[in-house]
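For reference, the structures are reproduced in the following blocks.
Both complexes shown next keep chain A, but they swap its partner, so chain B is in the first and chain C is in the second.
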Partner chain A sequence: MSGATVQSATPAQPKSPLRTAAPQSGFAPWKDPSKAPIVRFENVVKRFGDFVAVKDCTLDIYEREFFALLGPSGCGKTTLLRMLAGFEKPTSGRILVAGQDITELAPYERPVNMMFQSYALFPHMTVEQNIGFGLRQDGMPKDQIATRVDEVMALLELGRFGKRKPHQLSGGQQQRVALARAIAKKPRIVLLDEPLGALDKRLRQTAQFELMGIQERTGTTFIIVTHDQEEAMTVSSRIAVMDHGEFVQIATPGDIYEAPNSRYVANFIGDVNLFEGKVVSISGGFAEIDWGPGLARFKSVAPEGCTGDQQVWLALRPEKIHIDLDKPTDTSNTIPGKVVDVGYLGSISHYHVELANGQRVKALRTNSSRTVDRPISWEDKVWLQWPAETGIVLTR
Partner chain B sequence: MRRWFVILVPYLWLLVFFLIPFFIVFKISLSDIATAIPPYTPTFSITDIGGFFSQLDFENYTFIFQDSLYIGAYFSALKIAFFSTILTLLIAYPIAYGMARAPREWQPTLVMLVILPFWTSFLIRVYAWIGILKKEGLLNLFLMNLGLISEPLTIMNTNTAVYIGIVYSYLPFMILPLYASLEKINPALLEAAADLGSPPWKSFWQVTFPLSIPGVLAGCFLVFIPATGEFVIPDLLGGSETLMIGKTLWNEFFNNRDWPVSSAVAVVLLLVLVVPIVLFQRNQEKQREAGR
Partner chain C sequence: MRRFSWFNATSIALGFAFLYIPILLLVIYSFNDSKLVTVWGGWSTRWYGELLQNEGILNAAWVTLRVAIVSSTLATILGTMAAIVLVRMGRFPGRTLFSGLIFAPLVMPEVITGLSMLLLFVAMNLDRGFWTVVIAHATFSMCFAAVVVQARLYDFDKSVEEAAMDLGATPLDTFRQVTLPIIAPSVISAWLLSFTLSLDDLVIASFATGPGATTLPMKIYSQVRLGVTPEINAVSTIMIGLVTIGVLVASYSTKRASERQEREMKAVDAGAK
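So, the complex of A and B:
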């Protein structure tokens, strides 16, 4: 709970290592009916001419959340964020911040600050002037501005660069200045549009942890737009997966991964194997799935509202599949196959297994013991098996 | 070899089209007037180099600086150029701003419209203003028909006409660099300013205007420098009250046929303009560096 009590950034705090911002266990305001959301999108629609960029979106985001809008390029994430910042007006619907309807407010009247994808640092101002810009607009006294700017610069380890112009900074430094500028006014909500998009992969990962650290320490609500599922999984408390201007699923990273509600989500987040089939019977909460003539039926937890004879897809994460050279004793959900590809990654190995019907299945195995009797290799006949609880039956 | 060539060409250009003519004019400015062809003495002769140089002197410069007519003409030209530059800037800025904010697909057309007047001769366009500004000209006709005035306005042959002429003629030179610098401004910067609490008019002064300063300076120099030496406009539109050094130079050269004095006037004019020209170059260089 340490982060929860910190109201503002204080340079006196230890700088690193930044704690990973895995949401404090028990942090789930969206489950608490007594909590009011800090941001609420109410049936928000945005059209550009004939094109519908955002379709009837309704969403609640709670204080101190690190909320991710995730989806492929062009699905309307930025548009949603820009409507919250005030740069686009919803075609219909309302946006509320802390219960107040802000739909008609101009961007400069809104209690949100944005970190732009291009950073949008003022090229004619120094780092200090950039960070202090928002404070100057509020008419804060000069000495207080200087104190706050120093504070934020310390928080982002920008101390040495105060007098530089943006073009004299590296990409990573510019990114930190942009973030510093967005949090300088202590806004209730910080919006981040692909904030790390311009960084290379290694810097990105460090920056993700930095972002989480800053979010925790400032106790601010962050809303991040990203098309990078790993990034969304790493930083956020909840993710809204978007497709063509609609929310497909809104849930915690864990739920999104373990309980995707559609093939789209299952495919978008992580690796997944999909088996198309038909439910033939449901008993004791388990569904029996026929996925092809002459193939042993699968048994899996039946989703709510699932009926017999329904077309379904069984989603299986590669790491949930046991791969073995010998036929397992538990014969449910057991299928034979042939290894066609092996990827050895040190701690884990990837296997691509071809089934009798030609479908390929990905399986993972951790290389926990150094002395495996015989490692699984190309052309090996193997058995795949998984418990009935691990597969997810998807109906769309 | 090729590198040398690339460096050599611009210098050769400068030498042939600037330095050599300048030295010829400078030499004439040190000579004395003569009733001859060419109308000055001495003329250069290989056989008597000593005699040639001994005849050169700065008499004409002393003459210019002792005659209040010339000094007055310099100052008057600088004054007219200065105020025309300010006026041009005030008119050009909103135009350039509007162009830069116009939909992308319109912008090439708008730029085209700004440079369209160049397709007609400068002289003809200035003549056309006579038709507009004179007593029975279009402007007076129009205003009188509207009933706004009962007596025709006297604009022709006054400094007002000169200002109108200069502002009109040099407007594109102001608009284009302004447009270039305004158009380069990332629109996200204005969004960032708004996001941080700055209303649009404040954003203009905090973001747009400072970022357009290189364009403002470039435009001002591009108008001020040629306007100072302007001759056609004051000659055609101005009256007896209009004193500009370009006109004085012309009179000295063609009416008085005093080549040495008019050359000296030209050299001094050049020296006067060296300061803004150097400043202009500096501005251009700074801009190029910032663009990198």
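So, the complex of A and C:
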């Protein structure tokens, strides 16, 4: 761990972006003001009777992005996607694709193709006919259709199944046919509605990497709807976390994980420990947090616009907490506790530690050596410690 | 397997006997050589031959067949349309009323349906004949067709139609290339059901008909009032044959379609595992 040494001598600038350990690629069109978005939702609202499915959503998605709409069921992510496909009409607001207003266009007039959660393959057509369906609607000559269908089938390794009907295929094969059909027309944008939801876990992980490969090779913009946070983290360039019809945070997977903007996002993505407290003082970009009478105060990087006497939550990822039997020499953010539960998973171990005030904290340790003199076990008195930079202070 | 029990065997035998002995008797007596319906005079196909000479019955049979074909086609088209509106259009004002109105004729006494038809035709000053019978039959068998097609549409994944539109098919193309081929088995069974309903209807046809458009059931009924002749037995046997074939084909095609659908569902489920 490179960030283990605390550099309290050079306080972090409140304005500077947090350095994160997440991999960063050079691809970031959303930071480039000269780039025009390929999809733009402008103050889009969707009501079904009294129920507001989507509340005033504004969002830009850029060419070649793999964009994920992530949230629990009923958060409005599928409605947003269906509005882009044209199956639902926004109650108000506009949707633009490549600068053109498509709000009023019918589904069959839009330059987007969708892969459905149920795959929605045509049961009476062969795989070839399914994939060529969209091309036939455009009146493409027969020989060209055949060429393009072969091309797409080769891309998705469906070559042997061309003459089969959907019910003669396995779930994984059906999923590939559905994707092949969605990309056959070379649409500018491919929409994926929970595309891997019907696959088992192992197949899903393979399929995620396949999806990324296809997206890269075709150079198409993909927009995926999913409730699976791991899936969103794996495949996407950016994630929009949604709740109750609103965007809570739109950021790269790394930022969503390392710099969540709210308790909702921190909780939704990965495991997190939350300490409720009050900011008592801010100095040099660090906030001191009082989280209970008689408890040592926490020190953490203060978020922008944080004022004294404000209610905050300190979010700590379990893998960022050091757990040790001996009291560490570095005394900042050090708290004692008692181990109440141990989960040994081979590569890592989970520890549930009870603090003096009864709160339970999850900590994680990598089992890097095969033999340990004295492994941490139930009822052990342990010390938890973390550097001031690793905790995230949340104000909502 | 359940164990054989004399009680079950007897009740099944009695039930079938109750239902089919009269029909069996009718079929057997249609091959009776004797002129008298109730006296057995040996096997013969004589009355089938005589039937071919009977202009009145042949005419009535021809009218019945034409009415059945035209009215069942009409009923299937209208019934399919009604089913699509009910299943696909979602909630619209008056939907409950609309579905009630479509399915009311299922439970309406035939006499009332027939009488109301007659009143309508009189009020419209329509000449009663072939076409009024067609309209009347199409009206009452339409609801049966709607029920059959509706059942299929309810099991049908709506996103398949959305996928077609998403890939560039207009609503009409979607119906032609996707919806219709998928619901085709149920449309065929709807047609066959309407066909058999029209074929053996007596009550509604009697109200709606006029001169020159006597259907076979009407002809048989009027002849029976003068005394049953062996010819009637023969023509009835033919009708029983036709209706049986129609019902068998309809139920077979529905069964096969639902089996195929089950297989497709299983394939999807297997993929989901």
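Observations, loosely collected:
Going forward, the second predicted complex is superposed on the first by the 372 of 396 C-alpha atoms of A that agree within 3 Å, B and C clash if a C-alpha of one lies under 4 Å from a C-alpha of the other, contacts with A are read in each partner's own complex, and residues count from 1 in each chain.
One rule holds for everything that comes next: a residue touches a chain if its C-beta (ideal position, glycine included) is under 8 Å from a C-beta of that chain, and two chains touch if they have at least 3 such contacts.
Computed from a prediction, not measured in an experiment: that's the story for all the values here.
On the superposed chain A, the positions of chain B and chain C overlap enough to count as a clash.
Of the two partner chains placed by the overlay, chain B and chain C both lie in contact with A:108.
Of the two partner chains, neither chain B nor chain C is touched by A:51. Of the two partner chains placed around the shared chain by superposition, chain C is the only one that A:199 touches, whereas chain B remains out of contact. In the superposed model, A:172 lies in contact with chain C only, and not with chain B. For chain A, the partner touching the most residues, choosing from chain B and chain C, is C. Residues 85-87, 106-108, 112-114, 116, 118, 120-124, 133-134, 137-138, 167, 181, 185 of chain A lie at the contact with chain B in one complex and at the contact with chain C in the other.
Of all residues in chain B, only 186, 188-189, 191-199, 202, 206-207, 210-211, 290 touch chain A in the complex they form. Interface residues of chain C facing chain A in the complex, by the touch rule stated above, are 157, 159-160, 162-170, 173, 177-178, 181-182, 260, 263-264, 267-268, 270-273. Partner chain B is touched in their complex by these residues of chain A: 85-87, 106-108, 112-114, 116, 118, 120-124, 133-134, 137-138, 167, 181, 185.
Here chain A touches chain C in the complex through residues 85-87, 106-108, 110, 112-114, 116-124, 133-134, 137-138, 166-175, 181, 185, 198-200, going by the rule given at the top.
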